[in-house]
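One chain, subunit A, appears in both complexes that follow, with subunit B as partner in the first and subunit C in the second.
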Partner chain A sequence: MRRYIYLLAGTFAAVIHTGPVSANAVYVSNEKDNTVTVVDSKTMEVTKTIEVGQRPRGITISHDGKHLYVCASDDDTVEIIDTATHEITGTLPSGPDPELFVLSPDGKTLYVANEDDNLVTVIDVDKKSVISEIPVGVEPEGMGISPDGKTMVNTSETTNMAHFIDTSTHEIVANVLVDSRPRFAEFKPDGSQVWISAEIGGTISVIDNASREVVKKITFEIQGLRSEAIQPVGVRITADGKKAYVALGPANRVAVINTETYEVEKYILVGQRVWQLAFTPDGKNLISTNGLSNDITFIDTESDEPIKSVTVGALPWGVTVAPD
Partner chain B sequence: MTDAAGTFAGSPSEKWKGFTPIQYLVCLKGILQREWLRYLSQKERFVSSLVRPLLWLFIFAAGFRQVLGVSIIPPYETYVLYEVYITPGLCGMILLFSGMQSSLSMVYDREMGNMRILLVSPFPRWYLLVAKLLAGVAVSLLQVYAFLAIAWFWDVKAPVVGYLLILPALFFSGLMLGALGMLLSSLVKQLENFAGIMNFVIFPMYFASSALYPLWRVQEASPLLYQICLLNPFTYAVELIRFAFYGRIEWTSLIVVLAVTLALLGGAILAYNPARGLTVRKQDMGGNQ
Partner chain C sequence: MTMKSTVPNTLIFLFACFLLLVNAPQSMAQQNPATKPATEIRIGYIRAYEPQLALSVLDIPPADEGVAGAKVAINDNNTTGRFLGQSFTLDVVQTKRDEDVVPAFREMLTRGEKYVLTDISARQLLSIADLAKENGVLLFNVGSTDDILREQECRSNVFHTAPTRSMLADGLAQYLIWKQWRTWVLLYGSHEPDQLFADAIRRSAKRFGAKIVEERLYKDTGTARRTDSGVVQVQRQMPVFTQNLPAHDVVIVADESEVFGSYVPYRTWDPRPVAGTAGLIPSSWHPASEQWGGSQIQNRFVKATGRRMLGKDMQAWTAARILGEAATRTNSSDPAKIEAFIKDENFSLAAFKGQKVTFRRWNWQLRQPIFLGDGRGVISTSPQEGFLHQFSELDTLGVDQPETACKLN
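Up next is the complex of A and B:
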């Protein structure tokens, strides 16, 4: 009898354990209807919709959480939104067609990929001025920065390369060939590796940051899906560096990868054409943007189960979460 | 049982009526035990009751996974695989078949004369029929949990507490479908007529419900079919189970299931004539009854 009581108690404990998560604002850029949707990470409900410039895609937040930066691709600018008032307070000179960007760890510099110009524009956030323009491969897209801020990686969609850029000299120090149409670059928290997703190639290339060589190529296989439907885009690695999450585009799934064995441990079903990912600051939830089903999905990172999908604007593209 | 009843003093009529609750339980236990022994002796029945929903889960659902894709409707809060969607429907299917099967066994009992032995018991007829119904539901609950255990390994999982919470939903749904079977068994004259039940009851009830497709999708295809689904009590049984998996009570379904159970059970008790099949046969054979 006692055994059953323990069993029952265990069951309830497991249910309660999923417990309190802190509330943070989740910002989602909606590419088609030119808005940013604000979602509360605790209640998982939409709290506000902000009108922004045309075709908002890349989105990130300052480390103090006061300013939101949004790539208004068709307006050729990066807009700054005050997170307290939800008003656009200024713009950054991004150069034409900004798609994706990355903020330096010190929060002072923004690196922007200009898709049409084959450039990476380096912007001083405080002065709102361009520091440098770095010529890269054709159609630059993915942007990642090492935790120490010394190395920036840009991927060029058509050249199929990852360009390693020294952030002190703004020069390319290495070019690594990856698979077709690289979309995203994500450093491991210890800076040892950078993971590059290739949308058409359907792979993740793991590049060693010291040797600048591909040490592993990860492929995906989902029962009942054509391999062409598996298009890796957004990549996020947990703060402890143990798990990586990869958004698989039209496969409507997020892959969970063990970063030690490089094995895919699970595919999580989310909405249609999953694009970008973001963790909540406590790391308990991962949020995916699902472009074609116009929603975002909250995933519990402990159980790797989807919790809830929330409808946002049209064609959600990027996502970022306010710090604590 | 008659010995126990015999301890009551008074006139003979009082002697048959006044049973203690304990005696009622003894009777229930006896009927449950018989149903259990019978179930154990029919291994094929257990296997077939498992194979049927598993075929739907492994083959039908796997094939339809990419075709259908289920949108988010309550009680689901995010996207689910088609396998997950049809699992409550398959639980309902087990209860439906099991309900019909116990009615089949009642027709058989009647033809073989076993039913008369049961009804010779001094307990009220309604009580004997309800006890028989409960015995049938108990057996079908076991079948549902066996199915869910296998589905778990197929990665069709619900929240763990959901498996406890569906128990009352399964019980009431099982009661409703069992009562339906009982009513039908009182209408069916002979065992041979039972194939008709398969065609005219089980299949229409199963297909014209929310078991396989969400109702909004049915509505898109045919508004008429949608109305039929809404009139089908099986739809409510499935929805009751589906919501219970996620710890929610679908009140409309609960009320419909309970009301239909009471109506069917009342009908079955009123209509039940243990001698019916036998009588008809004797007449057919030229008996002078």
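Up next is the complex of A and C:
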């Protein structure tokens, strides 16, 4: 049945992708085998496997596409990889157990969640030095930054808060309670809202960035699945701000949400334990990491159908795509 | 004259103050929550402790078992509390096993404790439960697995984060059934807790369709434990003790008192796996569990205590975190609000077990998955796939609502 769906989706995708599709490198961190897999976004095939430090999780790329940053959690460092040579060229002083991070819109500052130390470390990327350490709640994880770069949001998984941080003072300016185990923070492209996923709570809290209040709580329901199996993790919102995609962990699906009505319009079946998401720069594809099936799934964002799944390394965690 | 000159001065002063106020960072109040006068939330902890022996030195309970978990939770609560002006403290009182705990508890009452974690026997707990209720005190049983505390002797002011023996036995039984190891032999000890664990195993066998083909009692005759001669004897004793059993898939050991159980694995007459209080052991936590964010609490615990986290540590951590969660979400230290929050049907907590843990509202037992592990790692987690329930699959573990003898008043 699933193969049939893929086949259908593939045919459909072939029809709509008639124009030239640019090829971008897709980078996937594999938590269990200490590698980053490089996949070509056009051919959807693995082109390279890079050996990295221990337990790679958070992964992002510089805005010029020249440097890849990888949280090597068990090495207590962030590794810098030259995307031309695929060599590790340096490290950033991330502080202990870096898990997730976010790069400022100007590309100069990296904000890192240090899960074991209840800190957010602020790093000057060029100088490779620590600018500040901000004490936050227990088990900091999700990191989001407003499009204007003025507000950074960190979520703490045991404290269950979204901490709003002023990036000019590095001070917390608001703490908003959300549901259990908040894992990811994603701003809308217009900066009006930040969406927070709660893994154990099973919800998305939509926080208004002006009032810093939860304006909507989105819940999920999938026929035949226990509510406990629905565990929202990664969140991505389209460039036009109209659709949000939420990875639902062991529910093996990505939810598609209309950001106007907050209604879930579709559940896309991908692979097992779907964790993080990334768009291709043209916005035409969304890529999900499926931890337990050791693959990633390319999704067509127009039809919201899966196009193809590609086997990567062991326990794929994070994903980022090179800019054009 | 003087009046005329002071009025504008006052105005200027007020204006200056106003300027100062508007120029102050808008977010000051939220920026420095630590400077707010903190509301103190005291959590008591009463335990009956005496050093215990075990058949293996690796299994000797650490002196701070349980208390260490509560302390880590207090730290977690305080990190969150900084943002809300709440501070948490732990007041630990230690008595002996089988000692009268009422005087110690009365002292806790005079110190104003409203929430007390208990790691004492069922008998001791029942001696203070009603006294606690009269004084508006909530008790959290973090130590006793006795089913009776959740059944005939349940109380509306006593919550249980420790699993029951029936939950532990059901968690184990589901896995054995899933493995198709349906034919069991039961070896049980002669002390009361051993008999209670054996009862739980018998109940699970009936519930899930396993067959106990023979039972054998191992009497505690006070023989040498870890001495050289002891080991030699054991190697000869255990095969003989398990000789001539009917055909069976697995040997179940019920020996909470650590008299013979740990000697059974690898020494049975027939080569069979061992489970129960030795071999494959069910518990509320495993020191090697890394799934579901577990490595984070494990790292935190090791850093704070220098040892790995055990079941009782997790049970105490969970109880203290429940109180922290209630204080955070209600933004209050008011016992009435905290109790109402915990007793609400939507209450839940994240506890590194892959799904939220909640309370059974008919007897205030915490619903939770059961870990099955050996000395090295986690083998499986129950409930097992396929054991379905109309309300929560976690209710396939232990005494369920239709069977409960608990009547809360």
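Observations, loosely collected:
Definition applied: the second predicted complex is superposed on the first by the 305 of 324 C-alpha atoms of A that agree within 3 Å, B and C clash if a C-alpha of one lies under 4 Å from a C-alpha of the other, contacts with A are read in each partner's own complex, and residues count from 1 in each chain.
Rule of thumb we're sticking to: contacts are C-beta pairs under 8 Å (C-beta built on N, C-alpha and C of every residue); 3 or more make two chains touch, one makes a residue touch a chain.
This one's a predicted model, so the numbers in the text were calculated from it and none came from an experiment.
When both complexes are superposed on subunit A, subunit B and subunit C end up sitting side by side without clashing. When both complexes are overlaid on chain A, the residue A:L269 reaches subunit B alone and has no touch with subunit C.
Of the two partner chains, subunit C is the only one touched by A:V138; subunit B is not.
After overlaying the two complexes on the shared chain, residue contacts for A:D75 are found with neither subunit B nor subunit C. When both complexes are overlaid on chain A, the residue A:P306 reaches subunit B alone and has no touch with subunit C. In the superposition on chain A, A:D166 makes contact with subunit C only, while subunit B stays out of contact range.
Contact with neither subunit B nor subunit C is seen for A:E31 once the two complexes are overlaid on the shared chain. Touch criterion not met for A:E186: it reaches neither subunit B nor subunit C. In the superposition on chain A, the chain among subunit B and subunit C reaching more residues of subunit A is C. Once you line the two complexes up on chain A, you'll see the smallest CA to CA distance from subunit B to subunit C is 9 Å. On subunit A, the patch touched by subunit B and the patch touched by subunit C do not overlap at any residue. Within the complex formed with subunit A, the residues of subunit C that make contact are 25, 27, 30-31, 33, 76, 79-80, 82-84, 293, 296, 299-300, 303, 321, 325, 328-329, 348-350, 355-356, 393. On the side of subunit A, the complex with subunit C involves touching residues 97, 115-116, 118, 135, 137-139, 156-161, 163, 166, 169, 171-175, 177, 180-181, 199-201, 226, 228-229. Those residues of subunit A whose C-beta lies close enough to touch subunit B in the complex are 11-12, 14-15, 224-225, 252, 269-271, 293, 295, 297-298, 306-309. On subunit B, the positions that touch subunit A within their shared complex are 62, 65-66, 72, 77-81, 159-161, 164.
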